[in-house]
Amino acid sequence: MNADFFLVNRPLWAVLISLLAAGLILFNDRRPNLREGITVLAAVGKFAIIFSMLPQVLAGQVIETAPLTLAPGITLHLQADTFGLLFALLSSFLWILTSIYNFGYMRALKYGHETGYYASFAVCLSATIGIAFAANLLTFFLFYEILTIATYPLVIHSRTEEAIYGGRKYLAYTLTAGQFLLVAVIWSQVLAPGAEFQPGGFLAGKGSVLALQILFFLFVLGLGVKAAIMPLHDWLPTAMVAPTPVSALLHAVAVVKAGAFGFLRLSGYVFGPQLVREIGAGQVLAVVAGITIIVASLRALGEDNLKRRLAYSTIGQLSYVVLGAALATPMALLGGMFHIVAHAFMKITLFFCAGAIYVTTHKQNISEMKGIGRQMPATLAAFTLGAIAIVGTPFMVGFISKWNLGLGALQANEGIYIAVLIVSALLTTGYFFPIVFNAYFGSNKAGTPIREASPALLYPLLITGVIALVLGVFPNFGWDFYQLALAAVKSIFTAGMGMAAGG
Amino acid sequence: MTAHLPALIPVAPLVIALLTPILARLSVTLVRITALTALLISLASSAGALQHALVEGTWHYHFGGWAPPWGIEYVIDPLAGIIAVLVSFFCLLVLVYAAPYLAGKPAQEKGYFYTLYLLLAAGLLGMVVTGDVFNLYVFLEISSLAAYALIASGGSRATVAAYRYLLIGTAAASLYLLGIGYLYALTGSLNMADLAVLLPPLAATNAVALAVALITIGLGIKMALFPLHGWLPDAYSSAPAPVAGILAAVMAKVSAYAIYRILYFVFKTAAPVQVALDIAGWMAAAGILYGSIMAIAQRDLWRMLAYSSVAQMAYIILGLALGNIMGLYGALLQILSHAFTKGCLFLVAGSISHQTGIRDIPRLARLSRRMPWTLAAFVVAAMSMVGLPPTVGFFSKWYLMLGAVEAGAWVFVAVLVASSLLTAVYFFRVLEYAYLKEDQGQVEGQTREVKAAGGWELAPAMLVPVLILGLGILTLGIFSDQIISGYIHFALPWRMP
Amino acid sequence: MKKVTFFFLMLMAVLFIFVSLDLAPTDDVNSPAATHVSPRYIEEAHEETGAANMVTAVLADYRGYDTLGETTVIFTAGIACLLILDVRQKQKW
Amino acid sequence: MLALTAGYINFWLIAILLLVGFYGIIATENLLKKLMALNVISVAIILFYLNLGQKAGGTVPILPPGVEAGVTEAYANPLPHTLMLTAIVVGVATTGVGLAMLRKIYKRYGSLEEPVVLKEMRK
Amino acid sequence: MQKRFGSSILDTAIRLLVPFYLLYAVYVLVHGHYSPGGGFQAGVVLAASIILVNMVQGEEITWGIKKQTAVILASLGTFIYAGIGFIALFFGGDFLNYGVLPLGDIEPEVRALGTLGIETGVTLGVMGTFIVIFNLLTGREE
């Protein structure tokens, strides 16, 4: 039991710490303060563990835990590589902010029965980190399913008919997808025993083109639901009945990003960029992603409920990541990976703002939010920041990923997607501009003075808003996200080159 | 005594069963203690025998000192050992569970119940460890007769169900008997090991094919393989809860085990076996879909579980039909997995019905508040049924799918996927009622009975087995590797001496 | 329905008759059943078990365990009848 | 052909008896008659086994007084007899349990016709 | 227990017949080693004689075995069988190996004695059970 043992197994500890927290939370049903203390401690601890791996991973190391054998050739295996660490860092950091936000939100709205809520939240985070650090497909699948189940209690938290309906729909979509993913995982396992992720992919030459096409299709079905690509997206707007912190962290960061993350893993580490294009799957997926981007933006225009509009916006934005995975050129992958980060900060800010507005004014519809900017200036400032970033204005974080995606499309000789990006940016402006405009310049008829939300709600959203701004100028700020993405892309393509040279 | 462990496995409960009617005159508590002791001895003997089989190889025990094929022998190989441990463990657990269920019945009735229960256990254990095809028939009949009567003790409807089961079950046993009659006519032997040596030269004859068919159909009826499952839903849903638990958990498994034993260890890979397995595999696929769909249509929780059994039992046959290592891993793990899972579900359903009288799914509204731990076990079991990690159900399905993909049996893959989803649908419905639906007021009056259990949501003797099974589902899932590589791996036919 | 059953059973009859040709004919002294296990019973039962009646020897000694099972079956049937008929079915359980 | 018939006629008759039993189980609607059909099946199987034990010129498998050891060809095969003793007993036991159930069913539903019983049960 | 069925003729007849039945049953039992017969047959004959008395005399029965006694007999009989098997374990043999019982020096004879012992158990068991089943099936509604 020496220090090495601890250090090597850090990915495992990162997963376990919040599971442990979930257990403790369940045992402290009657003590809300202790319960929340545990949540924050676990969140900070998790982030610390993950952050401590950053220097080593940046230096090119991969921190692997000892594989836990489930059966000959089938193992539970965690590793912290560059891409996994990027996702893990992001979600664990945002969990800290979300936990603080949670307290303000949940206490203000008095839902009751919050023990299960916090416990499920912690389990979700465990599963997310597990997905990030999964070293093979089986591990990935295990955590993916756990995430599905653990999110369900959060979606139905309010126990209203609507929430139950939303939960049912959520489960129907995700469980079905899980089955397809399971078949795909098992098939890969049969084609390449072990199914360990490798930069550059491990499936090349392992099966006929047709078999690989079908396999890719199964993967798309399996991952596409969580990543909400059209037409598999329908659960996401419905699931917006969940409390806002859930929508913020899970539907902007953890759950849907797990799907998007899966797509990047798929194209970078399972099939490999070369193979994705060779079997023609990338091109098809890119078309689907492109259509999703446009259609989701159009749908967002028509939504009056703020959270639903944000949900459609999420659908559109996630498809940027999928597009990156589909184009599978170095710049596209880089753009996709960085967009995971960028979108997380932007969208969580927007959701936090929506939640803050709901808590203070109990308004959910955009049409009712006229003049709100004068009453809640700080909140709306953060909202504006997030909205501008998401449109892709230069010097904001959204711009970097979109620029790289555009370059990636050119690398792939598919310039049409630049047009898609531009149209999408215009549409995004179209659905965010009225909100901001009305908030500042609309007339507030009721005229009741409303104050800013409580500090627990306000500070997290300000922090994320500012980070979205800072990352736009210094993409390596704090966590070296850009560096990580760059290293990941490099590893994928050098491995591919090496293979090509060797073969 | 350690030299006689194989004999003790079924004989311990059998002898105590013989004494029970006499002991019941004295005191029911005494009966209970002796019954528990008997099954504990069985469990310990099975575990010891399994250990012996793993360390020192297959253990042959000759009754009366006569060497086979003249005498009867018990054969403890790892396969028989695993199943024997499983069966005796379950019999013990359900016996503990049965006590609160019997409370309030006349002492006489309790005595009969315990007697038959022990005979059922003895019969099942005897079927597992025997190495003689005719001896298997005798113990099959012991367990069946005990089961018919135990089912019939559930009331008038149960008697009708039990009678129909008796007709079908006896016809099935007759088919089996006729099947081994053909084997006897062909070889002159009844010993499994001896038959395995004598049969291969005859494998091409029609008589062997007919014997395979008769034995498979006979045991297939006993394990409710679609379309021979007709007796099951009524029998399971009208039996008393402990009986339904033991039937669903182990009785059908033992027949499945017997099919595996005879097809893979006696006939080995004769051509007719392959055909029989292929047909059984397709029947199983149909049965999985049929059972799942019928389960969705049920309103009664018990009937739903019964139809779900039809589907889940077919998984085992599906794995056997695949016939590759992964498929067999899956089938054997599914035997364990389904025993724990369905056992747990029936015990929970029984507890709910015992405590509140509720059997209809819509009346379960908000039951989770009154029986949180029981319902928690139900959730775990439901997850295992659907095949979600980290429960054992996931791993058995994983191996089955792996086997199906390896064999290129895409239809089976599709069936497994579809079945998981259908299973999710019907269990989710139950959970939604139990956890989310508001109480409509019609079940208010039942809270009183819950409090009667001394502050516990259930009598401890009922709750503990339920929780043990719930934890067992998780534990088996987490340690599935050790189970596969440490035990099940040695139960594959081609590893046998 | 009855006609279908009847037809099906006729098919089965043909099958059984066809398959029976694979077996040794009745009265065959050299059938497997007559030559594999049973000779020991006939030739040595008396010497080994002291019973001139070979059926008794096999029943009670060589395959005595089967007979224990068979006696148990009878016993089970008795208790089963008792459980079914000899208890007052006032309450349903 | 005649030899064939002579050697196998028993099997054929037994097969027909067996199927008569199965027909009875499937076709009759009276629960008691079904039980009787079950006994017919049981008898058919018993005959099948006994038939296997027959030998040309073989007598009952009991040594006459004074004979110490048998000759294989001279006695019928005792094993099927033994097995069938067990099968007979099992048959009796099953019949007993079946009758007990029937009595209870008759007492409760007032009929042994399956459709009537089922109709009563669904009420 | 059903109604009385017989008349004085039947009464007298069974009085004369039953002792022979019983004797015959014992003969069938002990002679099972040398002629057709054995425990089952003896048990059935015994049960038949008692059932016969039962049928004829009905509720006014003067001699017979009651249901509760019969249950005890049934379990005792079967227990004798299993018990003899168990005793063999203590003398170093396998289960049901009568050859090791300390009843003599010549193994076949010891085995024959053991066989007789278990046949007796079977007789009692079968008799008890048959009486129980008959009693239940013909008993009056309670």
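We just call them A, B, C, D and E in the order they show up, numbering each chain from 1.
Assume a contact is a pair of C-beta atoms (placed from the backbone, for glycine too) under 8 Å apart; a residue touches a chain by one contact, two chains touch by 3 or more.
Source: prediction; values computed, not measured.
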Trace the shortest chain of touching neighbours from chain A to chain C and give its length in steps.
-> 2
Quick one: most central chain, C-alpha centroids?
-> B
Larger contact count among C-E and B-E belongs to C-E
Hey, how far is the Cα centre of chain B from the one of chain C, in Å?
-> 25
Could you tell me the distance, in whole angstrom, between the mean C-alpha positions of chain B and chain D?
-> 29
How big is the gap, in whole Å, between where the Cα atoms of chain A centre and where those of chain B centre?
-> 44
Using CA atom averages as chain centres, what separation in Å is found between chain A and chain D?
-> 70
Do you know which chain D residues sit against two or more other chains?
-> 18, 22, 52, 62, 65, 79-80, 83, 85-86, 89-90, 93-94, 96-97, 100-101, 103-104
Listed in rising order, chain C residues that touch 2 or more other chains are 16, 23, 31, 33-35, 37-38, 41, 46-47, 52-53, 55, 57, 59, 61, 63-67, 69-70, 72-82, 84-86, 88
Going by residue number, chain E touches two or more other chains at 34-36, 71, 74-75, 78, 82, 85, 95-96, 98, 133, 136-137
Pairs of chains in contact (touch as defined earlier), listed by label = A-B, B-C, B-D, B-E, C-D, C-E, D-E
Chain E contacts chain C in the complex at 32-39, 67, 71, 74-75, 77-78, 81-82, 85, 95-96, 98, 107-112, 114-115, 118-119, 121-122, 125-126, 128-129, 132-133, 136-137, 139, 142
Given the complex with chain B, which residues does chain C contribute to the contact?
-> 15-16, 18-19, 22-24, 31-38, 40-41, 61-66, 69-70, 72-73, 75-77, 79-84, 86-89, 91-93
Residues of chain B touching chain E in their complex?
-> 1, 4, 7, 11, 14-15, 18-22, 61-65
Which of the residues in chain E end up touching chain B in this complex?
-> 71-72, 74-76, 78-79, 82-83, 85-86, 89, 93-100
Listed in rising order, chain B residues that touch chain C in their complex are 14, 18, 21, 63-64, 66, 69-72, 101-102, 104-106, 108-109, 112-113, 115-116, 119, 122, 126, 132, 134-135, 138-139, 141-142, 145-146, 148-150, 152-156, 159, 182, 184-190, 198, 205-207, 209-210, 240
